[in-house]
Amino acid sequence: MENQSDLLNKQLLNDIGNIARVTSAEGKVASYIPELSRMSAELFSLSCQPVDSPMVETGDCGQFFTMQSMAKIISLAFAIEQFGCENVFRHVGMEASADSFNSLMRIEMTSSKPSNPFMNAGAIAVCSLIFKAYKEESLKRITDFLKSVIGEENGFDEKVFLSEKRSADRNRALAFFMKSMGLLHGDVEAILDLYFTLCSLRCTSGGLAKIGAMIASGGTSVVSGEKLIANETVYTLLGLMSSCGLYNESGEFAVRVGLPGKSGVSGGILAVVPGRMGIGVFSPALNAKGNSVAGIRALELLSEKLDLRGLGL
Amino acid sequence: MENQSDLLNKQLLNDIGNIARVTSAEGKVASYIPELSRMSAELFSLSCQPVDSPMVETGDCGQFFTMQSMAKIISLAFAIEQFGCENVFRHVGMEASADSFNSLMRIEMTSSKPSNPFMNAGAIAVCSLIFKAYKEESLKRITDFLKSVIGEENGFDEKVFLSEKRSADRNRALAFFMKSMGLLHGDVEAILDLYFTLCSLRCTSGGLAKIGAMIASGGTSVVSGEKLIANETVYTLLGLMSSCGLYNESGEFAVRVGLPGKSGVSGGILAVVPGRMGIGVFSPALNAKGNSVAGIRALELLSEKLDLRGLGL
Amino acid sequence: MENQSDLLNKQLLNDIGNIARVTSAEGKVASYIPELSRMSAELFSLSCQPVDSPMVETGDCGQFFTMQSMAKIISLAFAIEQFGCENVFRHVGMEASADSFNSLMRIEMTSSKPSNPFMNAGAIAVCSLIFKAYKEESLKRITDFLKSVIGEENGFDEKVFLSEKRSADRNRALAFFMKSMGLLHGDVEAILDLYFTLCSLRCTSGGLAKIGAMIASGGTSVVSGEKLIANETVYTLLGLMSSCGLYNESGEFAVRVGLPGKSGVSGGILAVVPGRMGIGVFSPALNAKGNSVAGIRALELLSEKLDLRGLGL
Amino acid sequence: MENQSDLLNKQLLNDIGNIARVTSAEGKVASYIPELSRMSAELFSLSCQPVDSPMVETGDCGQFFTMQSMAKIISLAFAIEQFGCENVFRHVGMEASADSFNSLMRIEMTSSKPSNPFMNAGAIAVCSLIFKAYKEESLKRITDFLKSVIGEENGFDEKVFLSEKRSADRNRALAFFMKSMGLLHGDVEAILDLYFTLCSLRCTSGGLAKIGAMIASGGTSVVSGEKLIANETVYTLLGLMSSCGLYNESGEFAVRVGLPGKSGVSGGILAVVPGRMGIGVFSPALNAKGNSVAGIRALELLSEKLDLRGLGL
């Protein structure tokens, strides 16, 4: 029987890329933040970082884009490491909600914390915890952590940051609403600045793949070989990525792709094959639920070709 | 390195059982259906069915209990096989909802189909599809399918069935509500009778493990070696079990256990380790969200001891 | 200054009718109950019953239609008389809800009784109270009460009753849902039969005007001069008609007409001018919220011409 | 028969005050805005301003308090006068909602404008319309209008204003949420400043009575005899006060008191007897829904003693 490691090569990724990138025509580049809408719908890159062998990539691999919601993986991991699971999940739940990513209805309806840390409300609550502890140092601490994961620093996209900040009324509403209910503490604008900066961090699909590989390897950096996050943190990230990583498309993603993942409105998706590899994919055209059309298609093909669910089908 | 197949043995399951069954004191046997409440909270069984080796079990393995929501796996698999994914998911969604298992609020709020086939409303919608096609033969068809999976017929518990039927006002409300919105067709009482009979089917943790093993092996019966369900059906079951198999505790289950699963209010949980084995566990005391306390604990320990997430931790 | 009693005459009503009935073209005859849809959209009648002088009417005054939700006035008045306000409002609230008349979302969301007795759920809860006390005699008791108010018995429309019963899935859902939450007790089908029979009671706009006049006079029948309901009951009816008598169009009705009212999907509206008269109007074409288009228009004109708000404008 | 005008005298108000003020022990002074909580729960005043005779008052009549939500009457009247009903109600609905005064759930759920102009969200939307037209002059314009109604200028309470502003997270959330949905335009902080200043305007129960009398007389100032607002504006105010003037206690208020009213969390209530008089009452202890306990009781007694519903009971 052919070994899967043999199957993962540049030719396979090229083939997948050729099939997947066509589907981006069904989507639309995000427009709710003006600066995001300038990205070309044609762009596509796909990167696989095995836990124990070199990265394999295809497409516009050098293309930077902003992390958007994928940064929630980094801030959540950082927060759990610093404050412990129990403390973090006192402020945010662990369940998918079927509501859209920027919903707050359920917080009012149930008078309780945001459903999960990957919806905007939950991610802002996580930022508020971090900001409470580290104040102005918060960003530096998180980006240092990110650097230890991917081995480089790519800065943030100031135009996107400013665009986010100017278009931030919904997130501002979420933050003030939570504050009014005692679910968030501190200076809302400072917390949102941290949140928007994280969303604006620049990355490539290769960077996403390295983040995924760190999780896939149980918390060890593929760059330095250093153990960066505890097992419990790894389990938490995987569990949440499986159940609510693609907003209210998480169930369908679990059916079609079958891997823990996390998407962002810039068009990136980060996925994890536990024990084997991290995957990053990028294509800016989104479907109605805010996820990359070609990105999901590429992951679906990859999952099938490499039997990433381990079913031998 | 020690092989995981060597690790899975009766002693390990005994050890896990001893630790897990104690936690059942934190739960309560379901009382909303009078007949269910007669079950002793002391009972416990745990069965592992590898895809390619004999079953390993511990505890009260001969103890029958009713399938309850775990039967939703069987009826969903049957429906997808008969009518295709596209047809089935025209009537039910694929997303977790954070609402309780018997909620209908979101159906009214969004004027659309039930969130997923594992909430009561969704499972009733699936039953209505089956009943529409097979009428009075529906039950026989589904139980024949179940027999092909587990190799035996255990009948259904008539007392539980009658108790369900008498306590069924909420499910009746769900069915009539969907019917009024055109989301369900046919004779509500007949559809509910089918639904309650499926909930009342008798099984053991060993039976659950065999269902799990069939999914784990990509659709092949561990009893007959026959391919029973298509790959697409397998993917769909796994994806939905990962994202919404434990009602509004699915996210937390994904974090703690990290396996696709499906629970029932009788206290059973069915889990799948893709490519490797099916697991059935039974302990009737439930937590506030309707899931077996000791069952989740046992799965958590098993996942850890056997590294079922494949992280090598 | 001209006296308002002088102003109320057949000519005025004819004029109003001519203007109002034209607007019925903007509406649509109810179709959710097949039998209702057979009514001609051309029909129109308007009746005013002063508390101390003879009825004045115009249009198709002899035309019978079914009371539908207007019967909720009668069953609520009867229930308060028999069981007292405190008992009745332990099972149903007093507040408008902005939800549609057949909504149940809020009952689940707040885990509490229906918002008010004029939404279907609330009216069914009132019927359950009556049925609990009077069983099979319930209908007779309520229709005897109605006869004491309007001085005649017009029976019920069996075709509409059967049509309601056959199209009753939503109401059945409401009843079973409330029963599952302990908000309603007894045999759901028997309670719904009572509810549907009340909805199917035949009346004319003149009958509605007499009901209104009984309330307008503080509870005294304009037929017999007998005091039929207590002051507290009168206050309760007026308060609820003011705030939630026209479903989720109650606020707009209060703005445009400014009188306590109660509508039904047959196209009737009953209104009260406290201390002065009752008004009944009928025109089957409904707007999107289920209220008679020409009926509201006629009441608006009448309110203006006769200064029924007492503002002297 | 004794004339009602004879019945309205200082002795009657004294008697009512003595009975009503005792009930304030059942309530609690508002504490969500720190500055409001300093008000003594013992204070009570009741003022009646007939449309054609001098004011009659009892209690702590000189006591100033802030208008809070009662100012919504003034800003709404002003907005309708300036922009017309159609324009105003394109941005806000006319229906009561059963949600609490600071809810925003329904705006998300229905993706549409706030339910009515007396909930905070709706009132803020009205302020945004005014601010868009008059910018920094907005406050002056509204207070000039208020002065024309009550004949005096009482300024605003700066401490309360600053306290509101500091405690304003929920209102800020409402505003940003609406802005994100395109339901509100302009500078949120400036609009909220206008809103909070209006809430902080000082008044007495006598002032409230004069506002009520202006509405009762069909829009004519009792101070100057000048016609200040159009008939349509009067109808709109009366209709909305009848159906949603006391938040989610409006239905119960309509039952118990039977008059159009508007309450505020400072403990004031303004009521209108169309064609006859305006009433202002003040007592700071509130019930759970945010309305003055003794205020409602006083209005209930007054309505009964003077037969303000005109039923002759």
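Order of writing sets the chain letters: A, B, C and D. Residues in each chain are counted from 1.
Criterion: a contact is a pair of C-beta atoms (placed from the backbone, for glycine too) under 8 Å apart; a residue touches a chain by one contact, two chains touch by 3 or more.
Remember, it's a predicted structure, so these values are computed and weren't measured experimentally.
**Student:** Can you name the chains that touch chain B as well as chain C?
**Tutor:** none
**Student:** Average the CA atoms of each chain to get its centre, and name the chain whose centre is farthest from that of chain C.
**Tutor:** That would be chain A.
**Student:** Whole-Å distance, chain C centre to chain D centre, using C-alpha means?
**Tutor:** Each chain reduced to its C-alpha mean, chain C and chain D end up 30 Å apart.
**Student:** For chain A versus chain D, what separation do you get between their C-alpha means, in angstrom?
**Tutor:** 48
**Student:** Express in whole angstrom the distance between the two chain centres, defined as the mean CA positions of chain A and chain C.
**Tutor:** Centre-to-centre distance between chain A and chain C: 56 Å.
**Student:** Hunt down the residues of chain C that sit against at least two other chains at once, touch-wise.
**Tutor:** Residues 109 of chain C each touch two or more of the other chains.
**Student:** Considering only which chains touch which, label the overall pattern as line, ring, star, complete or other.
**Tutor:** ring
**Student:** Which of the chains are touching one another, listed as pairs?
**Tutor:** A-B, A-D, B-C, C-D
**Student:** Where on chain C does chain D make contact in their complex?
**Tutor:** 93-99, 106, 115-116, 216-218, 231, 234-236, 238-240, 242-244, 248-256, 258, 274-276, 309-313
**Student:** Where on chain C does chain B make contact in their complex?
**Tutor:** 103-105, 108-109, 169-170, 172-177, 179-180, 188
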